[in-house]
């Protein structure tokens, strides 16, 4: 059994903090070489079976360096394949996705219609569709793989403010689902979809916590270095207190992150509320990061904007805070 | 570390004992502060009897020797059963006890510790009107003299914010025995009998109508030299032992109780017919998630203490998280409650969930100000955790 | 024509800043002696006709000293009487209310039923009913005076956290309206009711701004005096910045207060939005006031709690921020 | 003071002139920064021709001699007609002009002022990488020498945050001529031709894709001694005249434009089908009320200037109010816009209402940071208005 701290050390060695937003394809290759694409896969399916603690740790670390590689997405779709009871070449799929084949999925609500086994519509906010072989289509009562090179599939990039991620619209025009690529149907599909949503929300929350922690570290470092009025900015109490508040909010959100990651009974509503909290903390941290950096934070020469833009995207992926908190409130009301 | 099975056995034991012994209707029964004090004393003695009052004391004491994990279980069950929080005996069992265990002479231990279990109440005489956040600036003077053939410290000065000193039998007292050198160097730690001549205790009227704190005026109070803890001029170090005696479990318990109080906000939402209002639901969901994070950070703090991994500033983060969430929680209740909450409600002593949100809002300041204000916590976090540099010692303007 | 600054000077002399929450009945007498009960009454009706600028100035000053006397309420109900075209003894009423007779009105939504000219139900949040001769009943299509000593009228005080004000529930049990006391009916009544609501909202906003300004003054003074760590607290930058933010918020709300007071076209929705802003500023200022005072702010020995409790009551009188801002949003959406 | 009638006549005149002359479709026409600059120049020259470009200049100038009340009317109408804000000529007509009017020699005035009306563009060379909020810490050196028979200052150093310096013909330059005494005492104010040898201007890539600011590298640039404004070593006082030239009207105009942009939020609410969602409506109502208060405080500031009653700190309050409301306004737009706003939008130059809320959010920092950051404004308000005491000059840690 690998200790979490070993995994963290390895991640920090492979993706050092001083190289922000490392190139995507090289990162992806490194991720595959490190074995991280096998980390979540159960042992009886050929993986390491380390579970959510381990994946959360990796996502925090990838958030810290503003990783461009879609590790979280890969592990989410792989879990769907692992849970499948119908996929024709399941073992093959698991082998391929463990070694670098990438299957993607949409991070915003889908707008599709299903007519028998023929699908039309657009899957929005699909990460890195350009390097994916398939997109995982999750709709009511059906989960299936859709090959991105099919004639009935169009992939269009939507360039983002966030330069560290790439999102695509995947449009299906009367796409006929290949029976060999059906992952789940009926109740089984809905159960898998719920699990994927939990993973997605937890993954973004972890990314946000990692990003927020790194943003604060960078900000504090800057304030210690930057001098005005003959002293480091770090000595001005108004700025100190703002940093202390950020630290407190980040650590509290981090505590909830790990509590939820370790809780097998946590619901997707709870993961959503965690995601909303973590992303608001990240967003606010980057708002303060830019303000506390002053002018330099408004230039592309400095990395503050990379954090800010990533925080904004995290905030919206898989649902914004308003929607997620509303669901949490409804659940709390029913409790 | 304890194995899960033995912890669950303990939990079952506590739960069974509480089912038989936990008081009911105590909020209603405490109509005056004196009734509150009496009820607190009775419940403490009952807990001593049951073996759950001093789980954090060493094993040679009845009910002591519990691991932190076991203490956590006991606190969780006490919160779950909605028992009265042990406010009156808190200074006795934590601050006083920890001072004795860590710094006192064998004679002092033998004299004072057993009396705590018999219900002797301690208070703290630390803060002064001009020494709050800057505790080391305290000015209460103690002069060593021989009076009536006894060597005593003659103490004069003024203390403030002594929690429930009006019911206290004994006092942990910080005094100044020297004005030389660093502020901290001239401080001495004494144990003062509250019945001594010259001790004048005046409860402070609080804005919610309570009298939780007192001022203490000391006029030539004689404290025998043998009642000193530690050496003369070394009281600052003793005070650190006193102050560090407890934080984690109390805040954990309080965060858990806040989680339980979420139902009171749900009630307001239903009363206002806002069960389907997205904005209200989102605010409710967001605050309850912050409550969950306050619980999680308190849990983690205790886990880290269990593992011996507590770091400087951790306690400040737990406290600052709790105090901010608590105040915002009360503010949401106030908002949803509307004008009705502005009608003065009867006092409920020592409870943070009184049923009146204005009272709860006012009580929340006890956490944002007392026991190290939010501002002091921010200083600690920025200076010791983020290493942003201390506030300057001297300024040239 | 009296200059506003003269009026302000007179008010500050009569109600000096160092006497907070002066006794109600003595204040009321002083107010009558100063002629403030004639200030808003048009000149052709025997008053000074100074208008909203002048009344706003007075309400700011009364807010500053946490006045216990119901000046704003008196001027609101007097305006209704002045606008009446049906009141039997209108001249007498204006003479009496100009010299000290007090008519009150409810500051929360009424819960009454009107059956012909017979009224039942409760008027909640009626200030100082104990010193009022009548309450002004405003309901759909009818405004009338109700004598508080009538057998059909019950007055019950609801003790408040705010010690500087007194509110009563006035319950009417099949109270038959005296035709001589009808102030307005039909459309005229609705028009007057709208004006009264504007006055009420503006009056509370002014009270809140005055209170907030005084609360900040007291806080800054305290920070300059109180020493910790061998220097005045006022020198700690974190506290300075918080005071600067309060000052900014108060001054901005104050600017809107005077812009609205001077705008004859301002709508009751706009006065409501102003009231919401002013009261939130007051509320937050007192929250900071207590925090910045530390322990002393939690004791009855210090006046901070008087400000805080008054701010909380202001916040709710005549409608809370949520309701008022919602109306403002709806209006802005329609604009 | 002007009477209302003459102001209304002016308003009608401006409105009529704008109906005939205001540009349309300028946002769409400015696809590159160079196109933006060209469009700005054309519009400025048109305004000069119309007599509305320099209402704040003295009466001897065409279109000058307008009272502040008249200027306010002109700005209101310019905002109302949604004309391009005069960004490129702003430093020329305000900062440079005010420097000349207040501190320059007759020769300097005669030379430079007419050229401004012909479209000569000025930039500012004040800030440096290590002299931002602490401007007086600037280090760019100027040494007086005779070169080629001319007495010149030889200037070397680095400037930053020079607004649109890439289009500038001339530069208001602060340099250090002495390191003796107080930091302020060694500063000299020069006028530098941007075509001089040794001037290297590099636009800064901003996070929203714009290039509004530049860095300026100065390598032995020769500035004739007669291009000095004020005495050597007295440049700090001249710079104060430059910097105080304008604030009120710009912020008034911007606040008014933000009011106008409320419709964009209304649009989002309708698009999201939230026309009847109480929480959303309340947030919209609250922010628009804050916008109204930003308008009101800007109006009052100008009124107070009209009456000669401006006080220290007033300008800081106007700016801090505007910057905070602007940022929260953009944040609300972002929230209501959702994921769509995260798609990168084309750059719209020099506009705060670009149609993309991420861009507007990023632009808002230009007001919370540039021109005296929120933090600097808070210092001014606390220290000079509330008299809470200055930050210390020297610290002993």
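As written, the chains take the letters A, B, C and D, and residue 1 is the first residue of each chain.
The definition used in the following text is that a contact is a pair of C-beta atoms (placed from the backbone, for glycine too) under 8 Å apart; a residue touches a chain by one contact, two chains touch by 3 or more.
Values in this document were obtained by computation on a predicted structure and should not be read as measured data.
Asker: Just grab the chain with the largest centre-to-centre distance to chain C, centres being mean Cα coordinates.
Answerer: Max centre-to-centre separation from chain C belongs to A.
Asker: Count the touching C-beta pairs: is A-D or A-B ahead?
Answerer: Of the two interfaces, A-D and A-B, more C-beta pairs touch across A-B.
Asker: Distance-wise, how many Å sit between the C-alpha centres of chain A and chain C, to the nearest whole number?
Answerer: The mean C-alpha positions of chain A and chain C differ by 52 Å.
Asker: Give, as an integer number of Å, the spacing between the C-alpha centres of chain B and chain A.
Answerer: Using C-alpha averages as centres, the distance is 41 Å.
Asker: Which residues does chain B have that touch at least 2 chains other than itself?
Answerer: Correct list: 278, 280, 282-283, 375, 378, 389, 391-392, 395, 397.
Asker: Give the residues of chain C touching no fewer than two other chains, as numbers and ranges.
Answerer: Within chain C, residues 235-241, 322 contact more than one other chain.
Asker: Can you name the residues of chain C that touch chain A in the complex?
Answerer: 236-238, 240-241
Asker: Would you pull the chain A residues touching chain B in the complex into a rising list?
Answerer: Residue positions touching the partner: 220, 223-224, 232, 234-235, 237, 239-241, 243-245, 247-248, 251-253, 255-256, 258-259, 270, 273-274, 276-277, 321-322, 324-333, 335.
Asker: Can you tell me which positions in chain C touch chain B when the two form their complex?
Answerer: For this pair, the touching residues of chain C are 108, 124-125, 158-162, 227-231, 235-236, 238-239, 290-291, 294-295, 297-301, 304-305, 308-309, 312-313, 316-317, 320, 322.
Asker: List the residues on chain D that touch chain B in their complex, please.
Answerer: Result: residues 277-280, 282-283, 389-390, 392-397 of chain D touch chain B.
Asker: Quick check: in the complex, which residue numbers of chain B touch chain A?
Answerer: 262-263, 266, 269-270, 275, 278, 280-286, 288-290, 292-297, 299-300, 317, 320-321, 324, 375, 377-379, 381-383, 385-389, 391-392
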